[in-house]
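Got a structure for you, written out below as structure tokens; questions coming shortly.
Letters A, B, C, D, E, F, G and H name the chains as they come in the text, with residue numbers starting at 1 for each one.
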Amino acid sequence: MMPSKIDVAILVGSDSDLPILEETTNTLESFGVAYDITIASAHRTPDKVEKFVQSSLEKGAEVFIAAAGMSAALPGVVASKTIKPVIGVPIQGKSLSGLDALLSMVQMPSGIPVATVSIDKTGAKNAGVLAVQILSLKYKELEEKLKSYKEKMSDDVDLKDEKLQKMGIKNYITKK
Amino acid sequence: MMPSKIDVAILVGSDSDLPILEETTNTLESFGVAYDITIASAHRTPDKVEKFVQSSLEKGAEVFIAAAGMSAALPGVVASKTIKPVIGVPIQGKSLSGLDALLSMVQMPSGIPVATVSIDKTGAKNAGVLAVQILSLKYKELEEKLKSYKEKMSDDVDLKDEKLQKMGIKNYITKK
Amino acid sequence: MMPSKIDVAILVGSDSDLPILEETTNTLESFGVAYDITIASAHRTPDKVEKFVQSSLEKGAEVFIAAAGMSAALPGVVASKTIKPVIGVPIQGKSLSGLDALLSMVQMPSGIPVATVSIDKTGAKNAGVLAVQILSLKYKELEEKLKSYKEKMSDDVDLKDEKLQKMGIKNYITKK
Amino acid sequence: MMPSKIDVAILVGSDSDLPILEETTNTLESFGVAYDITIASAHRTPDKVEKFVQSSLEKGAEVFIAAAGMSAALPGVVASKTIKPVIGVPIQGKSLSGLDALLSMVQMPSGIPVATVSIDKTGAKNAGVLAVQILSLKYKELEEKLKSYKEKMSDDVDLKDEKLQKMGIKNYITKK
Amino acid sequence: MMPSKIDVAILVGSDSDLPILEETTNTLESFGVAYDITIASAHRTPDKVEKFVQSSLEKGAEVFIAAAGMSAALPGVVASKTIKPVIGVPIQGKSLSGLDALLSMVQMPSGIPVATVSIDKTGAKNAGVLAVQILSLKYKELEEKLKSYKEKMSDDVDLKDEKLQKMGIKNYITKK
Amino acid sequence: MMPSKIDVAILVGSDSDLPILEETTNTLESFGVAYDITIASAHRTPDKVEKFVQSSLEKGAEVFIAAAGMSAALPGVVASKTIKPVIGVPIQGKSLSGLDALLSMVQMPSGIPVATVSIDKTGAKNAGVLAVQILSLKYKELEEKLKSYKEKMSDDVDLKDEKLQKMGIKNYITKK
Amino acid sequence: MMPSKIDVAILVGSDSDLPILEETTNTLESFGVAYDITIASAHRTPDKVEKFVQSSLEKGAEVFIAAAGMSAALPGVVASKTIKPVIGVPIQGKSLSGLDALLSMVQMPSGIPVATVSIDKTGAKNAGVLAVQILSLKYKELEEKLKSYKEKMSDDVDLKDEKLQKMGIKNYITKK
Amino acid sequence: MMPSKIDVAILVGSDSDLPILEETTNTLESFGVAYDITIASAHRTPDKVEKFVQSSLEKGAEVFIAAAGMSAALPGVVASKTIKPVIGVPIQGKSLSGLDALLSMVQMPSGIPVATVSIDKTGAKNAGVLAVQILSLKYKELEEKLKSYKEKMSDDVDLKDEKLQKMGIKNYITKK
């Protein structure tokens, strides 16, 4: 993968969502996947969304990730402009526990899917992993990395469990 | 108001929503308000939405009404393209009791409001009434019509109540 | 617009909602739109609500904005007393994530619409913008201001994005 | 209790709710409690609501029952006009499973309670029973009737259970 | 009203609910209404609930108030043991925003109503007001007090509004 | 297991729930588990509930199953009267999609668990299976039956899948 | 693509979901994408799920689609067994409006994404489209087909709109 | 009960859930019930879950308890691997108020029950109590302990109530 080329194009509806999306960019970086990230709003800068989608396609983007809160139209608007897979990350706002963004994203009409993942940080990381899984169809070196990633996740759980078995639940909670 | 000019531009996301939107068009017609109505999808025909908004503005549209179900992005997309007031009618889909469309529409981000009304037929009629209320700022003859409309609503309730007082609840229910 | 005249009349159900409604008054002021704001409760001071609606109409109010939480009857009660457009701002209470106020406001019966906007501060600002959009039918100078407002929103997003492109996501988050 | 006097005043927001409210009137009649029932809308006929409350008070009404669906403001508006206890019956509309009317009714602000009961027919019957329970503070003959009513409910369950014990579950379901 | 006699009997499911119920007892005291309050759990001390209901009836209790959170069975269990009106106050727990307690209380089966009020402190105060409204059927001196209470609520809103008119929204928010 | 002895005691709040509970009794019968079933309401016949619990314990009941809708207090009331495991089956009512009964049952306070299963028929069958799983701690012959049951479920899925592989999805749907 | 090879592997939790999944298989067939479909339950036949995942991977499956209702664990279980992208289709059950399956699927933990699409038939079709979008990274001929598909969707909307413009809303509704 | 043998096997999906599960282990210890607890994830370490279930069965585990948040598949996966009763504890995540984990757990398909208890700490304690109730079918000494536990709960409420009666509500709240 050359630096001038990108594999994943990321859009966030507001710069307040960037700390959440850092989970996505960290994940992509750990897999060596090139990305662009932009702040662009489906409602405030619709033309910019369209231009970013086009320029990303020209740079070779194969997967889009869009994160937004409330009436989270961004991933759907991106999906309306491309035939590439679009992943949606619902961001929890101050009201309604994230249900608004989740339903706005996942309930897309027939023919224009958005691949919706979990709310907030967990979803942001999972958007990165899902993008890598999709890219691995084309870039076989990512398959091995995904297998290692999966093993590492499993090993991390095992390590924590070993610690729990040694320390017992009371010490584990206190000393952690 | 001349026939070649419109006051209200209506967009529906799917032709299956037309029987609901007939409440809107009937209401506008009863007030003598000219409108255009189009089927255009925020996700399937985004360019058409933009073109319809532009051509409607050229025809003099002062208010937009957009109805959609599920991930109901249509009114927000319209609102991103105009500074005119945009009214949103949430349509109930087969799941989730209409909560998806309602939250998708009403929870618009800062600076781009959608004036959201009730779900389905009641909302479709109310979108018409709200559009007329807005137009009445400019077209004073609509003020009198709105007052008559309001009186008629009140009179209808009174008539039903008179019937109830005469017949009693049991007869009212049975003979109605 | 003369000072003794108002364009927008605002009602809040409780003085605890004023910090949220400041978003509305700031927005109206930035557009040079004259308003009155009052504390009046649909349930505790119903007569005051009616009197405020009447006196506001006499002062020339063209749009009403009403904000309330919980069983948020205020915008509906205002709408029952006028043929002017009424905008409702749902306020989130201590329970139920704002769903109570939202449903109470938006689900108005046939013939009496309330133009409902987002919950809390975002909705309060959007109520101001929507009021200006409605007033712009009559006051053409507001059209230009709305276009500038929309451009400024778009420019703000662009500026943030430029900063993001220069700094990268990690620096943007840390230094912000 | 003389015929020209009433104990309970009932308001329904729409005549479509009357079949549900028949549960209330049947219950009141079975206890020999005099009532008036009217169709009056908080939003379409606010003055009528106020007049009905006043005339009911003059006729001696001690308890109010108000039923409404969607943005169910009616019981709250009644409660704002009287110091008598007000019972609210939430009616399920076509969307949102009755949650809208329930939250609109029950989440009343400080100082103006609405005694909210179950959604639809069960609530309509229970509004009648609750009104009788309240009236029994003043009319001691109602206490005995309430005790009999409670015993009859218990006996009805017992009779059904006896039938179940005799027939077994399969026959009970089939032959019922 | 003599000291050895009570008018209202209050049950709370847990002592952690007492700070919320203080709104109820303060309200009753301000009306000079005598009450007993007990901690008794429908699930942990069912016999105690029954005994308290019986002893309260012997002391002359005319209204019951029961507050509980989560699977809030307490008011329903009280209602099963008496023909007196029972008021339920739903308490918000750590999960589910109070929806669990609200639905558990309000959705009572046919024949056994619970007069449900708002969630948490607002409901606790309103339970007190509703109890006084019910008692006022029998104790006419409470009618005058309720009218004064209602006027005072209205006056309080007026005072706050006068302050707002003098200070303006910005000063009101800052100096408050 | 002798006929005069029971292993499972079942309570339903209303005879309208019996067709759903037949899933439970059929399941128990298929495992040869003796049961009693009664109609008894936590709210209408609280004493009967208590008596049935006591007599069931005397007959040797080791597990209780209670099904109820709306404000589904029945399983919690049973749990307050016994130290035996209590299984709750939430029944969907006409409103609120079963959420009311589910939350009323599952959100039990500390110390008094109700083992809540799925809503309606699926839950009714699963209550039977769970009761058998619990009884199998004591009656080892049930272990083998549970293993066969689990294998049969698996085989049923396999058989359907074999049919699907032979017929293809279109034929499977049409000819089924 | 050779017949002995598959691109997409589909799992349904129950044969009652097959009529919904036919939307998926029809979509895949219209794109000429080879698939296998099996009935396999995460809870009833966990080993079969694992075997199907393995054999599908050996046949070359690049994308998995899993549909399930209620506690819809199937897509998550598939995702735990492969590094390929997994698409989840939530199926609406008899209660809770599909919210149970949606939340069970979309709220996956960190590291194991499920690409969740809309509830029921719309989601089933969109799962097919999303699978094709993902496959198009590798099979470039699918890109053209996706563009045609998108154009056809757009043309279909245009055709319906043309019909609407010719017939008017009243005739469109009646004659359709 | 010998130390090398266990009665209850506990699985948590993440070590962040351990402070909540301490309620379970404390409860089991207070009853002298032996348990193993492990960190094992249905999605990240599915094989470990299966191995832990098998080894726990070999150690004599009679009851399983599984706690998880979000898409809480863990208890269902455990239930798919054993015929022993499985208790599920839903853990509240950062979004959706715990509704996601609750619905994922409780809405199990036909034939594979999960005995679901309350959300978070209350549920964790209740899972312990329910496990002891189940074990008491086999270990009669637990019956007495459960009776004492129930009495102690009742006594604790009585003690708090005595304190309330002595101190009055105001002092109770302040001095507590």
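Keep this in mind: a contact is a pair of C-beta atoms (placed from the backbone, for glycine too) under 8 Å apart; a residue touches a chain by one contact, two chains touch by 3 or more.
None of the values given here were measured: they were computed from a predicted structure.
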- line: Neighbours of chain C that also touch chain B are A, D
Query: Where the contacts of chain D and chain G overlap, which chains show up?
result: B, F
Query: Expressed in ° and rounded to a multiple of 5, what is the rotation angle of the C-alpha superposition of chain B on chain E?
result: 180
Task: Could you work out which chain's C-alpha centre is the most distant one from the centre of chain E?
output: G
- line: Per the C-alpha means, the centres of chain A and chain E lie apart by a whole-Å value of 48
- prompt: CA centre of chain C versus CA centre of chain E: separation in Å?
  reply: 34
Statement: Rounded to the nearest Å, the gap separating the Cα centres of chain E and chain F is 36
Statement: Expressed in whole Å, how far the mean CA point of chain A lies from that of chain D is 51
Message: If I count partner chains per residue in chain H, which residues reach a count of at least 2?
response: 41, 44, 70-71, 95-97, 99, 106-109, 111-112, 114, 118-119, 122, 150, 153
Message: How do the chains pair up in terms of touching? List each pair.
response: A-B, A-C, A-G, A-H, B-C, B-D, B-G, C-D, C-E, D-E, D-F, E-F, E-H, F-G, F-H, G-H
- request: Within their complex, state which residues of chain B touch chain G.
  value: 15, 18-19, 21-22, 25, 37-41, 44-45, 48, 70-71, 94-97
Query: Once bound in the complex, which stretches of chain F touch chain H?
result: 62, 83-85, 87, 102, 106-119, 122, 125-127, 129-130, 133-138, 143, 146-147, 149-150, 153
Task: Would you tell me which residues of chain G are touching chain B in their complex?
output: 92, 97-99, 118-122, 150, 153-154, 157-158, 160-161, 164-165, 169-170, 172-173, 176
- request: Over in the complex, which chain A residues touch chain B? Could you list them?
  value: 13-14, 41-44, 46, 69-73, 76-77, 79-81, 93, 95-96, 99-100, 103-109, 111-112, 114
